[in-house]
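So, here's a batch of structures to check.
Presented sequentially are two complexes of chain A, the first with chain B as partner and the second with chain C.
Entry: the complex of A and B
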């Protein structure tokens, strides 16, 4: 009996070599619209390009040094981190709490779910504009309510206060985003086998123990997804800083992305903004990967 | 109305008008000799009902030249800037674009001209002989066609002034402060500002700078670039900032509220009669003269007076430039000449919008709100007008000023010295490349 010849290369009968041809359009799109612009970003980051005049010069790592030394990175990084932590924690806690409440047998469940998701349907511009009037001192919605109950509504000025402005815009992000978080948690909770909960109840578990010992471990993958998505959204925060406060008062709501925008389009330092983007990009990737590793490890432990 | 000599700033002798006189004339029959052509135009702003640029202008051009289709795109400011840069980079820029004088904004005519994107307009009939175009002249070439000016001033409610016993407009800084005090004593909020939109800080500061800096040294900004003057020089920007800060220190502008108010919210408060004054531009006259909750009341408009006289912060308005890569440069010139000739139907329609304050031509003195603006025009005619400071600065300097000033009035421990140092540092940083 002759020894069987070892076949080299692709042996699949389904995914033959010809099939790779079909990858070319998608790959081409990816290269042209993602990889190429990212490479361009790296390229511009070592030039003094101002966004208009293409007669620019190479400046080496000067843009990176400037970003690190002029204080804009540290301020925007601090604001972004506060914003991200605040929105990640609250949107997930609220999203999960609402999802658990709406996963029970209550009347008008569908209506409540719709209402909770409703803010997510509006664009950030509309939401930001509306909330500017909600927060407006004196004549705003909250100011009016405070006046109605005998308090000084005109003193309520969260967007004009250095200590509260960042949290005020983060609350808007949470208000708009918790519906999406809730929907994902709801989908996760519906995969929890009812028989496990039944068994827990027979064993005498309280509702809190059911949540802690059965539901949470079983939806840990959903938690990972939600937290990672919230972290990415938080680190990329731009909309409400731009729409509601324009980075102010002072520099108190300037986030990483806002600072990139301002450097590129107000200061017209496209090269420096590119360097800023590269650093922000690296920062977001590192944070996201670390979070992903940590949460995946927790999933296994649970 | 007399033509006006507007600006004293002359940048390094580069802006001589001599070429305008000697330039070759363009082909005045270019459109007539063309077949059916489409000319594109892009401007910034918000389109309103029967909008001038997007509706009236194309129709009037079609009426004059049936073979010309003018396609106008109007975009919000930020979209406009992004779109303009993209189109310039791809060589697909519209034939006509909106540009701003000197270094103002991302569509500043100097930056675009320096990059070679703007055609010379020296041979326009409507440019010949004009002496007021320094701030749209780059390296000897007029690059923006503009017929109007924009003013910064103080809108005030005459009824509330009368209620506080104020009989006339203030003529000195001390009188202005006294009037603010009278209003406050009468229980009226003297000034409302929407400082949440930090750019509005420029509205007051530039008026004070026009009084306190430029009359003493009209070349202050030119010298800033050459290093002869600095923002930190004593008696210049420190004085301006200190004077403006006085309004916050005395609560004539209430920072605890203004930092949470947007520009439009401040306008609403003014027309609702909740405050006696607001600093704003002629470009917002329509909104500020609209009827609010306070019903109809008479408005006035005056320049913030200085310690040694009254000057006005008035500059050339944004105007229209021709893309140097356009196929239809001469045709665009014909259109601009027709538009800006001071009498054509296009001119009349543009003036009728009430959004420009023309410095020449038919109907300039009967345009909407002309009475409000007349005192400023008179000051200009007397040579007491100066451009808006940021037009001479690299974009971004004013943002630093606004941010630091907000920090100061917001109680963050920032002092006037920190602001002028910050402005100087930013200015040098922006000029570096």
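Entry: the complex of A and C
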């Protein structure tokens, strides 16, 4: 009796459980090539597997202890957090500001939008090459410009300084990413009802008040989606550490994913890389859940 | 306000009037665009020089020759890599659209806890980075006997795209009316028939969005091909660029390197300029609808 009763409330005559057949190809691929490998990480994390030789032994929690004690986890956690916060804040602020500027009745809107979005078309590897030139001390674009205005262009070396390298590659990510953010904000802003803004103007609102009290609350769903997308991208940071700095100078641009890659492929310590991944994964889940709770709450309040 | 007027008239009439404030806005936007675009302009201008021309790249467009392009073209084995890139991207995107729309059909239509669980199950895949699971994935492929060919990365492109695509399609599906399907059911249409002739065509805006966002990502991705492809003849364009990795800090190689960068990006730039409107709408719809 129980299942029949339940079914009556939940499935309709047309949308029967037979439809689940449609799920099979996607679910099979997702389980075999995504979920199963993730579960395997837990298994490998208690072995001394090197990625090639299957004669591995179980070492218990040694890998976890090693990762925690040699400082690689805390270092790359710190780097990833700085990178993620920096890119999330700046690409959203710049993306939103440009979107608001372009959402006015301005001429050449399409041309400006294309300019802002253009960097998003390039592969990370091409972007990495271009910015390696831009940042090159002396002969690079910024160094050259500094020399032209009479400063010492060869002293400008953002990628060679362990204090600035992480921010330098974060700027590259922002350059490539803010255009996409902007396009999503533009779409959100276009849903704002013009008559509300008109009413605000009649009531004597300043431009800033219109933004803060009318536009922002109305596009809060767009803010949420943009922040989520850029946080996910920020936590996955890998490309520019890999292409431009190779983790250096020192270990200043080693992000979580760069560290995982290096431990697994360069150091050939798959067991340790798995333990690292498990902890990195736990961290990513915690951040994502906290963020979803916070943003959902905020969206209602605004 | 101007309700009966045609859209064209209204657009012409409502540009902002010239005032100090609007001029300032233009100046700020133009300066900003110049800052954003300048690296690309310099790269393009340098790529048009001969490889031996070592003047500062800041001197824009002082020489026009195709020598650097010819050298980059042959170094990259461009036609081969271009074909590989096209095949990988088109093949992956086609599979994604078919698999993800199919998966989204029950998830978007059935209203049970199981369907809801599957929805979140797929979305949870979004937060897993590829670098983290690449070794177990390689082993899984190995054990299944999948050889390393130019098609191996496609398996991973399809899998990695599923979370976002299923999210996009099932979100879109919830907004589609069920009445058409109900009448088709009464007329005796089978389940596959309903999917192929009613639901799939109605999903078209979401499909365009999926093709553009996922196609852009797959075309530009170098990570999976880098791990799975060992033969040079099977490289796609971004992986082929990795051979220039040593040249990025060598000013003597810049002109050829930049020509290679332009060649690598060119196909996508052409597609973008031809389909600009679809790109902009597709990217926005992908994020806003979901």
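We take it that the second predicted complex is superposed on the first by the 291 of 302 C-alpha atoms of A that agree within 3 Å, B and C clash if a C-alpha of one lies under 4 Å from a C-alpha of the other, contacts with A are read in each partner's own complex, and residues count from 1 in each chain.
Simple rule for what comes next: a residue touches a chain if its C-beta (ideal position, glycine included) is under 8 Å from a C-beta of that chain, and two chains touch if they have at least 3 such contacts.
Just so it is clear, the structure is predicted and the values come from calculations on it, not from any experiment.
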Which chain, chain B or chain C, ends up touching more residues of chain A in the combined arrangement? C
Could you look at A:160 and tell me whether it touches chain B, chain C, both or neither (first, second, both, neither)? first
Contacts of A:101 with chain B and chain C, given as first, second, both or neither: second
So, does A:70 touch the first partner chain B, the second partner chain C, both, or neither? first
Tell me the contact category for A:280 with respect to chain B and chain C: first, second, both or neither. second
Counting only touches as set out at the top, which of chain B and chain C does A:30 meet: first, second, both, neither? second
Quick one: is A:145 in contact with chain B, with chain C, with both, or with neither? Answer first, second, both or neither. second
Just chain B (first), just chain C (second), both, or neither: which does A:136 touch? both
Share the list of chain A residues that count as touching for chain B in one structure and for chain C in the other. 51, 132-133, 136
Which positions of chain A touch chain C when the two form their complex? 10-15, 17-20, 22-23, 25-27, 29-30, 32-38, 40-41, 44, 51, 98, 101-102, 104-107, 110, 112-126, 128-134, 136, 139, 141, 144-145, 148, 175, 180, 183-184, 186-188, 221-222, 225-226, 229, 232, 235-236, 238, 243-244, 256-258, 260-261, 264, 270, 273-274, 277, 280-281, 284-285, 288
Write out the stretch or stretches of chain B touching chain A in their complex. 78, 81-82, 85, 88-89, 106, 111-112, 114-115, 117, 195-198, 255-262, 265, 394-396, 399, 403-404, 406-407, 410-412, 414, 429-430, 433
Note: in the complex, chain C contacts chain A through residues 14-16, 22, 25-26, 28-29, 32-33, 36-40, 42-43, 56-58, 98-100, 102-103, 105-107, 109-113, 118, 122, 125-137, 139-141, 144, 155-156, 158-160, 162-163, 166, 178, 181-182, 185, 191, 195, 216, 219-223, 237-238, 241-242, 244-245, 248-249, 251, 254, 257-258, 261, 264-265, 268-269, 272, 276, 279-280, 283-285, 287-288, 290
Sort out for me which residues of chain A touch chain B in the complex. 48, 50-55, 57, 59, 66, 70, 132-133, 135-138, 154-155, 157-162, 245-251, 262, 265-269, 271
